[in-house]
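In order of appearance the chains are A, B, C, D, E and F, and numbering begins at 1 in each one.
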Amino acid sequence: MNMAEKQLLSFQVDEQFDLFLLLKGADVKTAKNGKQFIRMTFEDPSGELSGNFWDATDQDIATFEPGKVVLVRGKKELYQGNSQLKIMNLRLANTSEPNDPSQYVAHGPMTRAEMEESVSNIIFEITEPTWNRVVRTLLQRHADDFYNFPAAKKNHHAFAGGLAYHTISIVRLAKTVADLHPNIDRSLLYSGALLHDLGKTIELSGPISTTYTLAGNLIGHIVLIDEEIVNVCQELHFDPESEEMLLLRHMILAHHGLLEYGSPVRPHLLEAEVLHDLDELDASIQMMSTAVEHTEPGDFSERIFGLDGRNFYRPTASKTNQSEDD
Amino acid sequence: MNMAEKQLLSFQVDEQFDLFLLLKGADVKTAKNGKQFIRMTFEDPSGELSGNFWDATDQDIATFEPGKVVLVRGKKELYQGNSQLKIMNLRLANTSEPNDPSQYVAHGPMTRAEMEESVSNIIFEITEPTWNRVVRTLLQRHADDFYNFPAAKKNHHAFAGGLAYHTISIVRLAKTVADLHPNIDRSLLYSGALLHDLGKTIELSGPISTTYTLAGNLIGHIVLIDEEIVNVCQELHFDPESEEMLLLRHMILAHHGLLEYGSPVRPHLLEAEVLHDLDELDASIQMMSTAVEHTEPGDFSERIFGLDGRNFYRPTASKTNQSEDD
Amino acid sequence: MNMAEKQLLSFQVDEQFDLFLLLKGADVKTAKNGKQFIRMTFEDPSGELSGNFWDATDQDIATFEPGKVVLVRGKKELYQGNSQLKIMNLRLANTSEPNDPSQYVAHGPMTRAEMEESVSNIIFEITEPTWNRVVRTLLQRHADDFYNFPAAKKNHHAFAGGLAYHTISIVRLAKTVADLHPNIDRSLLYSGALLHDLGKTIELSGPISTTYTLAGNLIGHIVLIDEEIVNVCQELHFDPESEEMLLLRHMILAHHGLLEYGSPVRPHLLEAEVLHDLDELDASIQMMSTAVEHTEPGDFSERIFGLDGRNFYRPTASKTNQSEDD
Amino acid sequence: MNMAEKQLLSFQVDEQFDLFLLLKGADVKTAKNGKQFIRMTFEDPSGELSGNFWDATDQDIATFEPGKVVLVRGKKELYQGNSQLKIMNLRLANTSEPNDPSQYVAHGPMTRAEMEESVSNIIFEITEPTWNRVVRTLLQRHADDFYNFPAAKKNHHAFAGGLAYHTISIVRLAKTVADLHPNIDRSLLYSGALLHDLGKTIELSGPISTTYTLAGNLIGHIVLIDEEIVNVCQELHFDPESEEMLLLRHMILAHHGLLEYGSPVRPHLLEAEVLHDLDELDASIQMMSTAVEHTEPGDFSERIFGLDGRNFYRPTASKTNQSEDD
Amino acid sequence: MNMAEKQLLSFQVDEQFDLFLLLKGADVKTAKNGKQFIRMTFEDPSGELSGNFWDATDQDIATFEPGKVVLVRGKKELYQGNSQLKIMNLRLANTSEPNDPSQYVAHGPMTRAEMEESVSNIIFEITEPTWNRVVRTLLQRHADDFYNFPAAKKNHHAFAGGLAYHTISIVRLAKTVADLHPNIDRSLLYSGALLHDLGKTIELSGPISTTYTLAGNLIGHIVLIDEEIVNVCQELHFDPESEEMLLLRHMILAHHGLLEYGSPVRPHLLEAEVLHDLDELDASIQMMSTAVEHTEPGDFSERIFGLDGRNFYRPTASKTNQSEDD
Amino acid sequence: MNMAEKQLLSFQVDEQFDLFLLLKGADVKTAKNGKQFIRMTFEDPSGELSGNFWDATDQDIATFEPGKVVLVRGKKELYQGNSQLKIMNLRLANTSEPNDPSQYVAHGPMTRAEMEESVSNIIFEITEPTWNRVVRTLLQRHADDFYNFPAAKKNHHAFAGGLAYHTISIVRLAKTVADLHPNIDRSLLYSGALLHDLGKTIELSGPISTTYTLAGNLIGHIVLIDEEIVNVCQELHFDPESEEMLLLRHMILAHHGLLEYGSPVRPHLLEAEVLHDLDELDASIQMMSTAVEHTEPGDFSERIFGLDGRNFYRPTASKTNQSEDD
């Protein structure tokens, strides 16, 4: 068995493997028989897979902490049409073995350098000067987190760099929308898109074993970044009550679309409604794509919490590929 | 006063005019004082404007029927920040005057020829052969209506050709989405987009004084076009229970997204969810754009029924234009 | 122990038995300790009872498939006031033993012959000729399934022939309603009642181990039968846009009453509202009756999912019987 | 014009008449021009029709009080597909003219004597002795009101005797249901049906110009009759905490089905759920029938508040009559 | 008629008067007959009363602007059990007449000096030093507005100084609650109470003819004051991410209780839930008291929008007074 | 180990103890591995703590019945931030050991004598004579239960005497409210407060192992006490339809505030709305306080069902204590 040749998501069902993997998550749970088990999530650059480590001792719990590289003997198995990892053997990687966690993190389709260039180009198109400076200042201040954080704790774009990638995807859609509808203010839409989720760098603890911070729980990412905009205004001597700044803050505050989803105000600007719609669209596609990828052709995926518990069908023949081939 | 020089929406508030206009709608209402008035909507290629014709006699009601060209003396006035037409004098155009209704209908930004070419190009990209034939057959059968009907009775794309224009706009957005997400089946998404609202040609009475037909009221456009797909299958000897046909029908049936909005089934295909999202996005933008256009800078628009009664702010300085100029 | 004497639901709590039973359902589940168990449902003509088969091996799972006749040693026990089957021993019936599944299926109170005669009489009362032919054609085409399918996967009338029996019960109620209200169109109400759930023969897989078909999941039984009506119109050269056919299709499409329950249009005909109400009434009574039957006098039944999770009280003394005896 | 020959609802649209009618309702409203008008409802045994009396003086308001017989010159006119009365002239009937209000009240299809006999027969079938005595006592105590009150202020069965007629209709349906489902306790279902709305005799002011009493507003008819049941128990020395009395009170308390509709507890008895369903069914049919009767064939009725604002279609050809003739 | 002797709310129904009053509100509306009228609200220290000025000319609209003192001849009349002002004559007060608007504004039961002392005492009880300084700084900065603004545009405490009075009332209730529950952090609860609605000084335009500012419409008072807290932290060199500041900001952000009511986060602190409950309680009582005061004994008040459209009964005998007398 | 020295809630995490405790609750559950366990709740005057007794035999289930005194060897452990009891050994107390259950029941902060005096003082302030007599009669009739029952099965004030303590707390808040708002009828508010939950003495089975009675399930505590008021009227020869009695009954019937929460009518009296608000406020505080007490500083409590599943943060430093000390 040549370990280097295949990655986690390339194995077939029931094909056994020994792999070094990052232990991304490890939730201790108590079974109804009183014994503990650990719900583990493993990751390598090909993606992630979860499985249960049964009858865990206190020693196991202390040993298998998220963020460690582990050597796993196991196989992919199907559970109600969806794939999970059956753990057959597990130990920590020792110092003579590959054990650098950063080598096992799944990334999005773009490198950080590519994303930075893309963001730089977008900022160039923000021609309104005060928005341009506010956006530039805040992205600079949070740059490392912006390019490393996931876009959400688990629902969508839950990979390293997912926050920046999700942001760039929205701007790409926004360009097409603005091309079709010249009455849209591109500067405002792009500024809002770049900042809309930046508060997640304060709301979330980081890219590994992501949890909510106290600020995240008590304030929430929407208001956290809005407050920073106002602070930047103070630093740059911009009037926070100017129409420009009210418009920009409204873009961020309204981007969840509905009060029920945590926006303190609903969108009352064309651009704010568009930002909300594109944010939802991109998140939905990412959630559905991930779910369908983990599903066998001809089956329904597991139910997606973030899409009202719906499951999605994976057709038996991939029409796309056919048409691509033609 | 040179009538030919300016069109309906080009006049300033309180600037009086004499214009030949199409009487697009004429709803007779009874005021609480027992007298009748007519809520009239006037149209020319620049757009439409509504106003009340007070103290209407039975003779007036019989004379001023929708679809007639009329000569209006009036002016634009503001009512709670929104513009309406104050009718000062009104009579039918006589036979020696311009009186061809088709010259006064507002159209979308594309001509029929342009739209036909655009649709033809889209169909070319549907590489799955059975979907291609079903789409081609149904669009051919309803071609005249498809290129002349509005997309809705009044909420959005309520202009001649709005149905086809709305359809094409969705496909344009769909292309960008598919470029960003190669796992999307373009053939399926485009087929669904082209057919999704075609049932409106049966649900609605036509482009002028649009009402619902009995079939529209009792069946609804979603099921009406779904039934036609099944009938076309019978004609073309395609199995309606094949996976391909189930997928296509699901695209149409699910495109309202929620059961509460009249879809008998929620989207359970990635492409169906995307179609629903793009449909809403395009309709929302069109509704907001129309409302904001009728609003003075620095004011809020009237409340939009189709967007939960929200009103939208028109910023004082058009940022878009600035950035366009740069 | 004489096996022939008593049937499944006739035993007292804690009274041990050996019985040949049909294994109606067998859902494999994983307990939180990682071991598998099978949630089994057993059936004989007296009704059905469920119980868990613990610590199931892969061999057990392969052996105990739904549709097989098994020999069960067990007893009825109470779990939170409701009865379940404690499995003490279990094996497949061998070839020398009774093993014909059809002998163990629970049926409704009418035989197929009785139901066929009843349906035939109802059709006779449909005096509108086009409805009569559409109904006759469709019932003939799906006759075997119509008289063998359950009315639902599990909620109500989940016995063989339940679909036809549920349909006939609705018509009986409909007659009383029409007697009380002569303005009701009997032909329309009976036609709608006969066809309203016929789409379930396409939506569901069959009477044993019932699941949803792909057509059921992506289209749903309401639209599936509506499409067939339109196809039959094509065959019989009836105009599907005639008022008669629109009325009939509306009866079917609206019978779930609310958009949230999957009807693409709400009832806008007196007869459609009545059909919806009677459908709900009959399903509710069947669900409540089954739940109360499985409950001891003086206890509350288990909660019924299809009735908002309510439980129902079984009075200590059966008043009905007293009054019947008098 | 021979007044005696035709009644209110027999006239064609635009056919002028002079009729003595009961002024059933007279709501004074202020038009937006500051002038008052009276929304009048006229009634004779054929039914009722409403119309506006414009520009009413204080004198008019004092004169035209509900309960008076008036001489009306007017005609039936259509307003948005529904009929209303255009008032051309109006004065009080004088002492030498027919002016007995009781001659002009619309009644249901049964006389009081018929209803009394029917109720008497139902009570005979209540074989549980304590329920029988409670029902008998309460119906006797409220007999005059029970046979004269409407079933609701305006939504349904809003005619004299409507309360008793609605009650009897429910019992007729209940009999069919009990015939189909022998596990239903007839005594309980009939007892609940007979008492369920009896509290309306306390909640409402009476059959003419019906308003809510203070007890109706602050307590509501459901609790008002429940309290009387408990009081009757005290008088008859029945234990109100006996299971029999708890069951009976539950029937009444739960009959609105949902907490949102004012029942303090949801149905937790099979018979209570059935009573609720039949109550809704009978009320719905009565509302729809009245609305459709006031609608021209081929039109939709006005929207019915009590049925979620839905309107109902009246088919062009009355199928019922055809089939009746056959 | 001696003007000085009686104030607006002291007159009986139908008792005519000539009074100088402040024109507090003047909304121009168009009646359905096309004519304009002005919905006017008049005020003096005894309270306010509304009435319609019919058939208003453009001249009238220009003249009667909110904020002017006017001389009114009129009388109080009842409209559906509630009192309104019938305007018989109206003109502006001239320069030789009393025309100082500030003399006609209704105030709450406390003077500004009393309120300032009360607030000062509350601040003294905030023993946590950083909260004390933030509260002190912000109240000082907005002092004039805090003691002059109403608490809401119209629903409750809509009098000058209502904002401060509402705030003080909440703290009084808070003291009793904290006395009963010693685990409550008084410093936190009082700090939150003092700041919770301070953002209304930015959200609203001022005490007369109150409208929403652009900041109010696009950001909302909850976030507006939260942003100021963060800015004050910057000035005072407090860490805005310290637990103390997160707790304080959470108190403000969560005080509407539900996301649907505009809080971006629900209360997750005992003190935040209590603040929300007391805020609602005090606002409800103020709304109900005002409505009941305008109602005759034995009648129901008009429906209160802010309390789900409920109306409230005013008992015939004021029990309170009796018991007070005893 | 000296048992007498410390009580249940005084032990630190992981500090082992042997204690006599009351077994307050014992719910038998089946683990997914088919074995039974008992979810036990232990109580002494310091409060209560729950823990699981794994692998329970039928003998264990028969032995460990709620209401028994047991000797427990165990320790407090943390489970997801909340404390629970780990059971290491368990047996019934024998006859020579302390085994009087009443010595182990947790009580509220007031003794019965204190509560009786407090209630007596409140009744003294009810100056309306008929309310005074009704309240006095009903409290006397249910006195033992009123001072011994909990206020709810488990959500709040679930300790012996909780019902009376909750009632008294509401009246204390009511006094402050009435002091601030002199238009409130104190007699009515106090009468309603004293009776509002008295029906729980009929709805619930008693203070130990509390369940719902059949009357509780089928009628509910709101209507149960309302019926008793009407019966007391009969005994005292008060007219139940007098305004006074309607007001009092309305106070009780409306006190859940919303129909969805089981009130058959919403509050339509100022005092009824205040009673509802104070009832909710007091219950919320009690629930939050209990949850926070069981939480470590710096953690979030477990989610509270009765507060929409929210969890509450316990700050790291108890601000209250600091300010109390100053």
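Everything below uses one rule, namely that a residue touches a chain if its C-beta (ideal position, glycine included) is under 8 Å from a C-beta of that chain, and two chains touch if they have at least 3 such contacts.
Heads up on the chains, UniProt names are A, B, C, D, E, F = HD domain-containing protein.
Quantities reported herein were computed from a predicted structural model and do not represent experimental measurements.
Peer 1: Counting one step per pair of touching chains, how few steps separate chain A from chain F?
Peer 2: Step count on the best path from chain A to chain F: 1.
Peer 1: Tell me which chains count as touching both chain A and chain B.
Peer 2: In this structure, the chains that contact chain B and also chain A are C, E.
Peer 1: If you take the chains that touch chain B and keep only those that also touch chain D, what is left?
Peer 2: Common neighbours, chain B/chain D: C, E.
Peer 1: For copies chain D and chain F, work out whether under half or over half of the interface numbers are shared, and give different or same accordingly.
Peer 2: Result for this pair: same.
Peer 1: Going by average Cα coordinates, which chain is farthest removed from chain C?
Peer 2: Following the centroid criterion, the farthest chain would be E.
Peer 1: Could you let me know which interface, A-E or B-E, is made of more C-beta pairs in contact?
Peer 2: More C-beta contacts join the chains of A-E.
Peer 1: Taking each chain's centre as its mean C-alpha position, how far apart are chain C and chain D in Å?
Peer 2: The answer is 37 Å.
Peer 1: How far is the middle of chain C from the middle of chain F, if each middle is the mean of its Cα atoms, in Å?
Peer 2: From the centre of chain C to the centre of chain F is 44 Å.
Peer 1: Where the centres are mean C-alpha positions, what is the separation of chain A from chain D, in Å?
Peer 2: Going by mean C-alpha positions, chain A sits 60 Å from chain D.
Peer 1: Counting only residues that touch at least two other chains, what does the list for chain D look like?
Peer 2: Only 31-33, 214, 217-218, 243, 247, 268-269, 300, 313 qualify.
Peer 1: Dump the list of chain pairs that touch, please.
Peer 2: Result of the pairwise touch check is A-B, A-C, A-E, A-F, B-C, B-D, B-E, C-D, C-F, D-E, D-F, E-F.
Peer 1: Inside the complex, what are the residues of chain E that reach chain F?
Peer 2: Those residues of chain E that touch chain F are 125, 127-128, 169, 172-173, 175-177, 180-188, 243, 247, 266-270, 273-274, 277-278, 280-281, 284-285, 288-289, 292-293, 300, 307-308, 310-313, 315-320, 322-324, 326.
Peer 1: Which of the residues in chain A come into contact with chain F in the complex?
Peer 2: Going by the criterion above, the answer is residues 30-34, 214, 217-218.
Peer 1: Which part of chain B faces chain C closely enough to touch in the complex?
Peer 2: Touch list, chain B to chain C: 202, 214-215, 217-220, 222-223, 226-227, 230-231, 234, 240-241, 243, 246-247, 249-250, 253, 259-265, 268-269.
Peer 1: Note which residues of chain A are touching chain C in the complex, please.
Peer 2: Contact set of chain A toward chain C: 29, 31-33, 35, 37, 52, 54-55, 79, 300, 313.
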